[in-house]
Amino acid sequence: MIKASVIGGTGYAGQELLRILYRHPEVEVVSVGSRSFAGQPLKDIYRNYENVTDALCETADMNELVEKSDVIFMALPHGIASKQVTGEVLKKTKIIDLGADFRLKDVDIYEQWYKVNHYNKDLLKEAVYGLCELHREDIRGARLLSNPGCYTTCSILSLAPLLKNHLVDPQSIIIDAKSGVTGAGRSSDTAFSYCEVNESIKAYKVGSHRHTPEIEQELGLLSGTDLKLLFTPHLTPMNRGILALCYASLTSDMDEEGLRQVYRDFYRDEYFVRLTEDKLPETKWVKGSNYCDIGLKVDKRTNRVIVVGAIDNLVKGAAGQAVQNMNLMFGFDEKTGIDFITDFPV
Amino acid sequence: MIKASVIGGTGYAGQELLRILYRHPEVEVVSVGSRSFAGQPLKDIYRNYENVTDALCETADMNELVEKSDVIFMALPHGIASKQVTGEVLKKTKIIDLGADFRLKDVDIYEQWYKVNHYNKDLLKEAVYGLCELHREDIRGARLLSNPGCYTTCSILSLAPLLKNHLVDPQSIIIDAKSGVTGAGRSSDTAFSYCEVNESIKAYKVGSHRHTPEIEQELGLLSGTDLKLLFTPHLTPMNRGILALCYASLTSDMDEEGLRQVYRDFYRDEYFVRLTEDKLPETKWVKGSNYCDIGLKVDKRTNRVIVVGAIDNLVKGAAGQAVQNMNLMFGFDEKTGIDFITDFPV
Amino acid sequence: MIKASVIGGTGYAGQELLRILYRHPEVEVVSVGSRSFAGQPLKDIYRNYENVTDALCETADMNELVEKSDVIFMALPHGIASKQVTGEVLKKTKIIDLGADFRLKDVDIYEQWYKVNHYNKDLLKEAVYGLCELHREDIRGARLLSNPGCYTTCSILSLAPLLKNHLVDPQSIIIDAKSGVTGAGRSSDTAFSYCEVNESIKAYKVGSHRHTPEIEQELGLLSGTDLKLLFTPHLTPMNRGILALCYASLTSDMDEEGLRQVYRDFYRDEYFVRLTEDKLPETKWVKGSNYCDIGLKVDKRTNRVIVVGAIDNLVKGAAGQAVQNMNLMFGFDEKTGIDFITDFPV
Amino acid sequence: MIKASVIGGTGYAGQELLRILYRHPEVEVVSVGSRSFAGQPLKDIYRNYENVTDALCETADMNELVEKSDVIFMALPHGIASKQVTGEVLKKTKIIDLGADFRLKDVDIYEQWYKVNHYNKDLLKEAVYGLCELHREDIRGARLLSNPGCYTTCSILSLAPLLKNHLVDPQSIIIDAKSGVTGAGRSSDTAFSYCEVNESIKAYKVGSHRHTPEIEQELGLLSGTDLKLLFTPHLTPMNRGILALCYASLTSDMDEEGLRQVYRDFYRDEYFVRLTEDKLPETKWVKGSNYCDIGLKVDKRTNRVIVVGAIDNLVKGAAGQAVQNMNLMFGFDEKTGIDFITDFPV
């Protein structure tokens, strides 16, 4: 039984994390952090916690938290964790950061895309990028775990086997991703009000979304190339789910079955990656679960492969993967507390 | 060709009104009022106006507006129109108020339910309640037209024939109404954000919604009784539409066919009321139109009648009815510019 | 560890049941029954079962099933279970019927509302009505458990304390209930296609829904009266959830706090009933959970109480309650395998 | 005043067409064709026609229809119009075919993609492809008008200026398009039932959708090249709207402003094409209108242009464009009867 704290527990990702942690057999939640709702019972903000916990939201001091926590989850806007996580903190507790501050190894790229300074650059080297399927061994020993972004998780897992095996032109990649509205966080912006979002779809931040360099970093590592790709996200009228269509030009003449075998080999032992074989993923089949579903098609007419990935943005794309990382970091079975069957239709 | 101004043109009701007015063959829009967006082109706020108008939003002075307008529509929160509409104003132009300030004849009831003072009580007597199907002749001569509320329109039209003909116990009425989310207006409140509203239904202001006294006033007039009813609204996960289920205890032993004949007689010449006979209304069939669909069932087991009414809250429940009133006030054909066929599925 | 079979496992309720059973620590699923999909892997029909089970759907013979099952769940259209469940069957295994065949004690009422003959009337007396909060002790010893309907569960739980304590006129009850679309089952009817249901709400079977006599039976038992009530269901554009507004005339002068205390006393030890106190239930807070949330308002103007109940129709309204019953029947902790925290926003 | 018939009037596109025609000032509808609903009043199938028309659906004989119609609209599955439209028919009336049979000039490509024989190949040459913005002069004189597909219209209009001006590599095009559910037609397939479609997104027919050769034909004509592109459609949980993201590699070093000027020049006189300048299109702003909104971004990092197009699939993508074509063919003002302002939020 370990003691866990969550800073930023009342955003959608933080709340999802709490939902998982409160049912995790190896975890006791010792602090629910929320600046906006400090002093209020969590169950008054999210009424699904009625009968679950009487915990009050608090704005705990980092020094206190490190004393009482075996692990601290941070679910905060970028720029805050890079201030709060220091070498001193890491001596006393483990950190799992759901934000972006420790994802990019190159601080210049971070500062260029996020338009803020990084306050603990020296920790970037130590920080482990928590995509379990790619960095499991490093994760086990990590003190500072940087949990990947939602679009990122889906995109990298979809493309990794192709890049690793040099089957596509790394400079040809286009990722066209569609996200549910929870991806935008809990918002009071009119632009995210029901009537403005319902019954419409739009692309946003075309070519300029901050998950781009993160995907490039990881795919670059896999392929051994410095690559540039085009990433386009969409706001889709549904609560949850990411569907990523990844387009790339084939450099081999492998057919669909050949490529699928590459994926089967690559993900052979991965519990949370499901290959959909001759079908393609749909977000409804992963909703509420920690699975990443992946399928692919080859378009012989244009010699391209289209890989389709689907995740729940708040589970495998955030809270579920954070707990998967925690499980690894503390030596629990990787599936503990996150082996959900998607509830359907939900 | 008359000149029309709209004050509060960038709320959902105001915008719907502009959409109708810009295609009305007898109307020229001379001012689009909006305090929030003053100085900005309407088409920058609502991009459906691209190619339609280059009008800028403005916060026009009432004195200026009365000079250049044959009619001024006011689509404002309650408490403002009661200040701005004066006897002087009415000497120079006609007013159609989509708000609540001039709907209740009894100023005490107004002040009790709305918790504000009324600043021009003397005009309450002159104000005509703009439910065309009930007050057509008075509307034709009106200078100050008070446009009914959305729930109100649907509820009164659904029950009017029963009350007028003394077929139900006036003290037995329960109205259980469901509204789309546009009914709450254009909002930046987190409570109306997509993820909080989507895939859920709730009742609100049970027994305390401000449309209650308005319904009581009109049904009281029809029945010649001072009645009290219970009104319950719901927030339904859809953009538009109101469905009102009106329950009442029968005082006669009329069967369904008998009651339907009463409705046919009552609404014989009403273009915008459609009786659904052996089917019941659904909001999809009235969406985008100025129709009110009405159907009914008798429950012999409990000796009750259930009348079901459906309207589009922004059309017959607001902007469409406002234009229907304008048509009457200026001697145009009542259907001019609002004879829409519901677009389906939309 | 008990062995469970599900007949009718590919409808929405059956599938929800399987989802729960496959994660229940005391259950092994030994047969997934489906006439429509016999011979096909469950995971091909519901792709959320990928990585969960390779079970094939089958149309098992009842004689075989009773031999290998400690409990058989039946999730079938009405009229089938009444043929298949016999005294012989009950000697060998326990039955939990999610259908309607054994809910009504009076076979005449059953045959009148369901328009079919009942083939094992003699078992009606033995059958236990599985509303755990009302019949827990009988459930523990049951061989034939009749699981309540979805609307029924929500309505009875909402009204039980009032009827039991004679606080309302039993003949004054009106229940206006709104259900998500899963309530209609998995359907290929155009009337339930996305575009026909989306963005619209309608009432159906007003005064004639088959859950009516079931609610009357249970409330009649509680109040000791033969009562008739009016029940109206609605199809709401969302996947899951039931919200029931229950209107009744007060016979005492108790205020809201007094009535709430009655509810607190009545449900003191009930884990799966949550009282929302000064707030009202919303379906989003119970979705995916086995909770029934209940709140109330008093309308002094008309001397009525309005009780609002909310459940997930597929969980507390079907599969969750079925497992709650199973837990009781086999002596497990009542919460085992169904103690879900609502996932939000989902 | 011309006489128009519609064959296939009860599909979603046919119905949308009727809605427009019944309010078109120059048109009298003389026949509503429907094999499925022959003999039934249109208003019984689509209740929005109550108060609009008492027309009965009929399965009129083509010989009769040509005698009484100035124009016949055909909204049928592929393979039927190619049988029914003959040289004899065209001598007597004008045909506007909303189906696919006369869109592809190369009959081999038609038969290869549609897997049926074409029965009147000799008419393919005469048939005019009814994308008004590209073929206006030919349309004016057409007897046989082939109305473009929905995805097609949006994709071609989005890319035409680039191909015409040789600004992109014609072999580099990827179109990732998202459609509302009406695009699948009125369906009783479980796969399109509310609960299966709601709250999920999926790609389908990746690289194999039949609109692909149609887009290639028109873009090939514009560019003077035989090009192959990759087209991927998605089913999006909303009723209406298409959003197409068109990716292509730039062959010039033009920046965004330069490219936008190309679009402004190309569409200078086009009423129904709106350029969104520094914003990007969203489907909500075109819903219910005949507009095609187009915007673009340049991604300098990968030297690609992303053009975003949005239309209402049932209006500009089907019925609205059909009427736009009719207006041209009969010498009416091109906007007559289709100059709708998008109703918002709807």
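Letters A, B, C and D name the chains as they come in the text, with residue numbers starting at 1 for each one.
The rule we apply is simple: a residue touches a chain if its C-beta (ideal position, glycine included) is under 8 Å from a C-beta of that chain, and two chains touch if they have at least 3 such contacts.
Just so it is clear, the model here is predicted, and its values are computed rather than measured.
A centroid comparison over C-alpha atoms places A as the chain most distant from subunit B. The chain pair with the larger count of C-beta pairs in contact, out of A-B and B-D, is B-D.
Averaged C-alpha coordinates put the centre of subunit B at 39 Å from the centre of subunit C.
Chain centres here are Cα means. That of subunit A falls 47 Å from that of subunit B.
Subunit B and subunit D have centres, each the mean of its CA atoms, that are 37 Å apart. Of all residues in subunit A, those touching 2 or more other chains are 12, 182, 195-196, 198-199, 237-240, 282, 287, 345-346, listed in ascending order.
If each chain is drawn as a node and touching chains are joined, the picture has every node linked to every other. Residue ranges of subunit C in contact with subunit A, taken from their complex: 12, 15-16, 19, 22-23, 46-52, 182, 199, 239-240, 271, 274, 276, 279, 282, 285, 287-289, 291, 293, 339, 341-346.
Subunit B meets subunit A in the complex at residues 12, 181-182, 186-190, 192-199, 237-239. Across the complex, subunit A is touched by residues 171, 174, 176, 178, 180, 195-196, 198-204, 206-207, 228-230, 232, 234, 236-241, 243, 245, 247, 280-284, 287, 297-299, 301-302, 304, 306, 308, 345-346 of subunit D.
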